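A, B and C are the chain letters, set down in written order, and residue numbers restart from 1 in every chain.
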Amino acid sequence: MVASRTSMSSRLALAAALVALVAAAWPAAAQLPTYGLGRAPTAEEIKAWDLTIPPDGQGLPPGRGTAALGKPVYVQRCAICHGETGTDPKYFVLVGGRGTLNTDKPLKTIGSYWPYATTLWSYVRRTQPFDEPGSLTPDEVYAVTAYLLHLNGIVKEDDVLDATTLPRIQMPNRDGFVPDARPDVGRRPKTPPR
Amino acid sequence: MNRRRFLKRGVAALGATVAAGSAHAQAPAPDDPSKVLGGPKRPYGERSRFERAARGVPQPATKTDEWGPSVTPLGESMGIITPSSLHFEVHRGGVADIDPKKHRLLIHGMVDRPVILTVDDVKRLPSVSRIYFIECAGNTLTEWEGPDAPTVDWTHGLTSCSEWAGVPLALLLREVGVRKGASWIVAEGADATGNERSIPLAKAMTDILVAYGQNGEAIRPENGYPLRLIVPGWEGNVSVKWLRRLTVTDRPYMSRIESVDHTSLMPDGKARRFMFVMEAKSVITFPSGGQRVSGPGFYEITGLAWSGRGRIRRVEVSTDAGKTWRDATLQQPVLPFAHSRFGLPWRWDGREAVLQSRCTDETGYVQPTLRELVKVRGVNSKFHLNAIQSWKVDADGRVKNVHV
Amino acid sequence: MNRRRFLKRGIVVGMSLGTGAAHAQSAAPDDPSKVLGGPKRPYGQRSRFETSARKAFRGKTDEHGGSMTPLGDLHGIITPSELHFEVQRGGVPDIDPQKHRLLIHGLVDRPVILSIDEIKRLPSVSRIYFLECSGNTQSEWRAPGLPTVQGTHGLTSCTEWTGVSLALLLREAGVRARASWIIAEGADATGNERSIPIAKAMDDVLIAYGQNGEALRPENGYPLRLFVPGWEGNVNVKWLRRLTVVDRPYMTRMETVEHAGLMPDGKARRLMFVMDAKSVITFPSGGQRLRGPGLYEITGLAWTGRGRIRRVDVSTDRGHAWRRATLQEPVLPLAHVRFSLPWRWDGREAVLQSRCVDETGYEQPTLRDLVKVRGVNSTFHLNAIQSWKVAADGAVSNAHGAA
């Protein structure tokens, strides 16, 4: 081991080597203890799959985008299914519907219904475009998310979305949800059970 | 007789027709099968080519071919086991194609020992097998405002029942060591959509299975091969298919499927979410919409009942649109969180009749009428429509979906 | 992005998913989350990566013999219909269900011919029941015969059967006072006539048309079979076409020559209907291999033709010490029961056995005890304790126990 002053990267490399050494020396600690099955996941493996973003934004990667940057991405990758203005009903309507939830014809869109912007980011990054899921870069996801929120009147054209600002966005329908209230119907039969 | 010749004849004449399925659907069977040798042995059998029951696939596709359901043909069902080839499916990115040797299950998050397991690892662990139903929360959603789908396959076909085998999730969680403060698990699949669902830890520590077996063999591709969650009694969507990851955490992740999709809009504009439990429900599968009874006489009214709160206690059947009710017989044993088959003998007098079934589960909850349900929930709540279903038998024997 | 292109692409992916063994070579995508998956199929198939199969055994010709269930591959208690065992002596007949008829005649007031549709209109019964060929395990009388549990025990399966109660049909036909037996016969090339005492016929026998929620499979009797819970498989006449109500057994070949057990004194037992209690460990079992010392779950199946299994014990030392196994709930009468026991293997040679007790108190015997009474030429009803030897290298083989 090098004892003198080392650069940050060498120190990190050293730390990584030590961790690997420890893991190799005590493999049993990483497996199911009773059954001796399985192995410890690597950080890379976790990172490759750890794609779901909770409302507080944990796990959002570095990157940024604005609605202005998002528009060309949307036009090229999303409009074919969702329409130029995000109002094509063929698959899912993305824009509009505010104030319709308690009417006869409620329209649930990102703007009128979705409670969290992180949900949108997480979903777009993981599953869109439909036929090439997971193919957008983080910057593109921030940009397209910004554009969709902009179309719904939630952010301005040049508002910057990144790991810090995205979780702070208050979606219009954030408080529109209540817990399960069932059983809410169901009566005893009039005739006694036989 | 040259033995080789008669063997060839038997195999050529009949083996091919027995074994080849629908491609040979036109080949007739022999008039007297006792006069000819039959077909050969097959390592993995098939049904008779005369059997045509099939899952219903929406035509045209609801949104795209890779999105949406296919429904179990309940109208032809018998007993409680759903043949694996006919188990319903719902997905939003096509059926994932997974090599079981490469598939992995990652368990991490607020745990002492994160782990990656192979499918073989999971199969070596202590196993549990149970007969359970699965029902999509959106089953019957076409029927809120008026009788819509013509047959029971389409009104109620997003439910099936199988024997599932797997390892208890509780065992896995104890092995990895859940940290204090954890209160949720987020489950995710390996397909194009992930279908991330957040599940309260309390449920995870009871009866959830990480399953690999369906009716004795591997789970079918449509139903989550090679690994899935089975969450007894809960919305089908929570039983994540093609399971690849479990994250132990302290809050729900609010994925799209649970925070936007599987939510129920109430008349006041608020929406219920995390409506996990599938409430008691029953439906007559015969006589049912689109079928035809062949004239006055004896029939057995039969159907299925189930509850996400345990066992079905009782099923009643009415033949006069709900004015009078009689107790139906339940197939024994009645299993918790499984389909129950009920039957009632019925002598049809040839006059118009409206058939209904109504179930009660072990909690005393009684299946409501559609009117009662709509009074509380309005017509835009989409999910969890478990109301009494009505089938009208006309004088000519045809059966139709009706609301009364 | 051209939408037509993505739809096409999805379908191309779907084809490799759906077509079974012919495409076994096509690899799955490295990351399935990055591609759309396959389409919906009206009648599904298993994954092409699953290859579990029945194993055929040949009798005298290709149309004689049967196929054994791969018990070592299965989970739970339901046997997939595709893997249900079969035994036949004239090939699998090809029957059009619209043309098939069931004749009930003989000592009855009202002889009747019924179509399948008419039978399906009658009140139905569905039950999960095992079926076992009485010749199951017959290779094992003298010495360890076949290497795997599929070979030694694969002539048993368990399914949900649906049908109409035979008792109901007999009451409708009006059985005459003198009647004491029913002869059942099939529509295949052999007929397989079996005589059944009327008391059993009026008890729980089914005229079955359903198997695991759909029509019977051709190998298992499509479109109609007799189901006689707990009795020799052969009595469960497949491709059923006739029931004759009579006053004596007809002594057909199947029941007097075939299914008769030759005793040491030269006499043969016949009409040995009931399948005695039996159990077998399916993992670890012959032909399998343990990957090294560690914790395993010993698992297997138990069943009895006399009702419910009451308990299953497992030994890992050739029958000296026994521990009680857990039974999968609920324990159903006349059905397979799945048992299991955790076992920490220390890497040394071990001999594994299971032993069941049924609700009558009957205990599964050792092979030695069975042979003492029956000799080695009785062929049928071998329900003795099975032993599997685990070698130090983890290889498991068929062994005969000491006890």
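Definition applied: a contact is a pair of C-beta atoms (placed from the backbone, for glycine too) under 8 Å apart; a residue touches a chain by one contact, two chains touch by 3 or more.
Quick caveat: nothing in here was measured; it's all calculated off a predicted structure.
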Report summary line: Comparing A-C with A-B, the one with more C-beta contacts is A-B
Query raised in the report: Just by CA atoms, which chain is the most central one?
Result: B
Report task. Between chain B and chain C, tell me the centre distance in angstrom, where each centre is the average of that chain's C-alpha atoms. Result -> 26
Report summary line: CA centroids of chain A and chain C: separation to the nearest Å works out as 49
Query - Geometric centre distance via CA averages, chain B-chain A, whole Å - result: 29
Query raised in the report: Of all the residues in chain C, which ones touch at least 2 other chains?
Result: 10, 33-36
Query raised in the report: Which chain A residues reach two or more other chains?
Result: 34-35, 37, 126, 130, 133
Report summary line: chain B touches at least 2 other chains through residues 64, 66, 93, 124-125, 192, 194
Report summary line: Listed in rising order, the residues of chain B that touch chain A in the complex are 63-64, 66, 92-93, 106, 108, 113-118, 121, 124-125, 172, 175-176, 186, 188, 192-194, 196, 244-245, 247, 249, 251-256, 259-260, 263, 265-277, 279, 313-314, 316, 325, 327, 358, 360, 364-368, 372-373, 375-377, 380, 384
Query - Partner chain C, residues of chain B touching it in the complex - result: 3, 7, 10-11, 14-15, 17-18, 28-31, 33-48, 50-51, 53-57, 64-66, 68, 70, 76-87, 89, 91, 93-102, 124-131, 162-165, 190-192, 194, 212-213, 215-218, 220-222, 225-226, 242, 298-300, 302, 331-333, 335, 341, 343, 345
Query raised in the report: Which part of chain A faces chain B closely enough to touch in the complex?
Result: 29-35, 37-41, 45-46, 49-56, 90-91, 101-102, 106, 108, 113-116, 118-120, 122-123, 126-127, 130, 133, 176-189, 191, 193-194
Report summary line: Seen from chain C, its contact residues with chain A in the complex are 1-3, 5-6, 9-10, 33-36, 294-295
Requested in this report: Provide the residue numbers of chain C that touch chain B in the complex, in ascending order.
Outcome: 7, 10-11, 13-14, 16-17, 27-30, 32-47, 49-50, 52-56, 61-63, 65-67, 73-84, 86, 88, 90-99, 121-127, 160-162, 187-189, 191, 209-210, 212-215, 217-219, 222-223, 239, 296-297, 299, 328, 330, 332, 338, 340, 342
